[in-house]
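In structure tokens below, several structures.
Next, two complexes with chain A in common: one pairs it with chain B, the other with chain C.
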Partner chain A sequence: MAKELERAGLPTVLVTCLTNVAEMVGANRILAGVAIPHPVGDPGLAASVEQQQRRRLLLRALEALTVPVEAPRLFAVGS
Partner chain B sequence: MAKFRVLHYLNQYFGQIGGEAEADARLQIRPGPVGPGTLLQAALGASAEVVATLVGGDNYVASDAERARAEVVELVRPWRPDVLVAGPAFASGRYGLACGTLCEALGKALGIPAVTAMHPENPGVELGRRHAYIVAAGTTARGMEEALGRMAGLAGKLLRGEPVTPAADAYIPRGILINEVVEAPAARRGVEMLLAKLGGDPYESEIPRPRWDRVPPPAPIKDPALATIALVSEGGIVLRGNPDRLESWGASKYLKYPTGASADLTPDAYECIHGGFDVSYACADPDRIVPLDAARSLERDGQIGRLFPFWFCTMGNNTTLDNARKFGAGIARELREGGADGVILTAT
Partner chain C sequence: MRLELAYYEIRDVRFGGATRLDDHVLTINREELSATLLEDERLGGMDLALAHPGERCRIVHLTDIQDARVKVSGPGEIFPGMVGGLAAPVEGRTNILRGLCVAETAEMPGMLESVVDMSGPVATLTPFSSLHHLVLLPRPADGVGRVPYGHALLKAGLRASVYLAEASRELPPDDLVVSELPIPGEPTGDGNLPRVAYLCQVSAIEDLREIFLYGGRARQMLPTLLHPHELLNGAIVNGIFDTPACRRNVTYGHVNNPVVMELIRRHGSDLRFVGMIVTPTPPTLREKERGAAMAAKLARYVLGAEGIVQTKGGGGHMVVDHMLACERCEELGIKTVLLNDRSVDTADIYTSERADAIICTGASGVDQWLEAPAMERVIGGTTLEGGDAREARRLPLTRVQSATDLLGLGRVRAIEF
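Right, the complex of A and B next:
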């Protein structure tokens, strides 16, 4: 799906835990998710902490959308 | 013995009607071979005859397949062909699509085999390969004689009921699996393949490995604060009760929900129906898969210019690649029409 969105000219960041599959298939902007059942959440955290984590992830995703890439690239989540 | 009757399809250019200006030319039929049809006749030899040539403009068929399908059967039926030979279309996309469409329509309606030829990356290949035998051709008409020769050879075998294979007859694999009984059990074949691989000896995979195309990365967004960002997911988040009936296995569709004024996806309104993992965390808080709450908060704070007014969701458990591509293309169309600048796609 990410590739079809990109094919239509929409920069897309794929947030997934299966980053190796994403690279193999050829999605161009990839961000590692938290876990398969909750890629942008963490039930082990207190609710307010989880909210902050989600915001940070999204900010990182937005940043990935602003970076020019030549080929599939895995963006580190950072702190 | 009576000769086999061959119908040849050509576009407006090879059919000698005209160039791009005639791309809207209606489907029309004339007796005997036309243009490259004479080469085809020579390649077919004495056992088959090109009884008629069907000609159509590249736009006429490709832009309205329904109309072409409806018209072509009645046009062609009186000529009682035993086989359809279409093209070669080489790299011409509209021509390739037209060949694929006509092969399917005539093949089904008249119960005849259909042979065409085009470059393996022609969009007509995906459309046509299950219905027609598509000879792999080059990109330009420089390969005309070779392509026609192969098409004639393949057509001849199909007419005589002889077995054909992609390797021997140079056609693009049709994606049809045929069971074969072999002596050696799979365990032995597997070990032999492994030993060959380890020893650096040649081996052939019984199942071809998928090859992934590369999509050139679109240009980045300059400033998210000025951009419209859309949320898309394959995580199976649906309205509580799943009224839209999104499947938990093998999705057949994607859903489009308005973000409305929501600042949050709440468990009383939404649930997760994905069949591929434990959905309890996502059901407790659907934002863990579709991060609407965080996206809204970033929009409020000005870090996202605007959240696209709809979010899109499908379900990725055992969903076919074909469907995933269709969903992606469909969502892309809606996003582009709605002015989206970028997408955050969450996957599970």
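Right, the complex of A and C next:
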């Protein structure tokens, strides 16, 4: 889906914990998520801490959208 | 390590007075068994039903299936950590009722459908249509949630399995299969035979999406070694409710694991079966990479394996663990064979060039539809995929229990021609 969205001219970030699968499939902007049952959150954290973590992930995703890419590139929070 | 598997052929099953096995006919005291299972306070009711091969009967909403077995001699008990003690059941004798299974059913949210037809075209696809079924029809006690109810149901199935098999305790078996496997480090005089291990991947995600090992949740485990005899005595129990029926390794498949039974059969003739590794499928990539590295390390440096056979614990992301373990094993010089549920026309989401020996045990990813005929009787519920379970309907292959089977229990396979 990420590839089709980009083909239609929409810059796309794929947030996934299985970044190796995303690379193999050929998604361009890949952002490392948390885990398979909860890719953007972490039920093990206190609610206030988790909210901050979700916010950092979202901001990093928005940043990644602005980066020109030609081939699959892996992004992570803090890198 | 010597384990005797004593088989008792069951030709018919009926409800009656005292539970007993007489001339291949198993009589079950329905009230006594039901009362035994209801000792678990999480259960509020337990009806029992029978289904027989060839009957115009459909069993729906299956959660797990196992055969009836009990350990009658040697240390340890059957289904350790679940309904048996924690001592390892490696040696001795285990009695198994052949031709019979215990099937658990439940109606609860979040379950994916699992069906067995006892006759007709769909029945030909599942190995379970050939068995007599004791079907458990439970309901939860008031206020008991989905997860504790699911766990109670699993235990009820295991208790029923042991209860039925007890009827064979004092009787001579119809067939005896003896497995003699050495402790891996012991010299055996067959040093020239290739050393082959088995890598058993098990689902480990979250509640009701994981197996139990010695009663412990797979979610908490790292790859570990198991003596194959432990597996045959129920060390692994299925606890997965939300995987499609064609990718759900039921307990019956674990205790009758076709890969292990074949490796035991060939041990000492053309290979040496050096042991097995159980490896979980954790929910993060980091844990998957660690699991693959640890499984390969155990195979190479602890078991001394030169070859390994790998099976999958479910669908979807588990192919990542499957392929990563293959890569790590091959890097350490272990020839690796994979059993997989994808055929040449259904690409996997993740592959490896190292995976050059794959056996397809049925392509469960393909949208294959079956014409399921009307049945006279339905057990386990009244609906099927939103319709009347009794009526004729189109049914996806993926809903038929073990129509394709990741452990190789199924009747179909894909071949290239």
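FYI, the second predicted complex is superposed on the first by the 78 of 79 C-alpha atoms of A that agree within 3 Å, B and C clash if a C-alpha of one lies under 4 Å from a C-alpha of the other, contacts with A are read in each partner's own complex, and residues count from 1 in each chain.
Heads up, the rule we're going with is that a residue touches a chain if its C-beta (ideal position, glycine included) is under 8 Å from a C-beta of that chain, and two chains touch if they have at least 3 such contacts.
In this text, all values refer to a predicted model and were calculated from it rather than measured experimentally.
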When both partners are placed on the shared chain, which of chain B and chain C touches more of chain A: B
Which superposed partner A:Pro37 touches (first chain B, second chain C, both, neither): both
Partner chain(s) touched by A:Thr19 [first = chain B, second = chain C, both, neither]: second
Partner chain(s) touched by A:Val77 [first = chain B, second = chain C, both, neither]: neither
First (chain B), second (chain C), both or neither touched by A:Ala8: first
Interface residues of chain A shared between complexes with chain B and chain C: 17-18, 24-25, 36-37
Chain C - residues contacting chain A, complex: 205-206, 283-285, 317, 320, 349-351
Chain B-touching residues of chain A, taken from the complex the two chains share: 1-18, 22, 24-26, 28-29, 33, 36-43, 51, 54-55, 57-59, 61-62, 65-71
Chain C partner contacts - residues on chain A that touch it in the complex: 17-21, 24-25, 32, 34-37
Residues on chain B engaged by chain A in the complex (per definition of touch): 212-224, 227, 229, 232, 234-235, 276-282, 284-285, 287-289, 291, 293-295, 297-298, 303-304, 314, 324-325, 327-329, 331-333, 335-336, 340-348
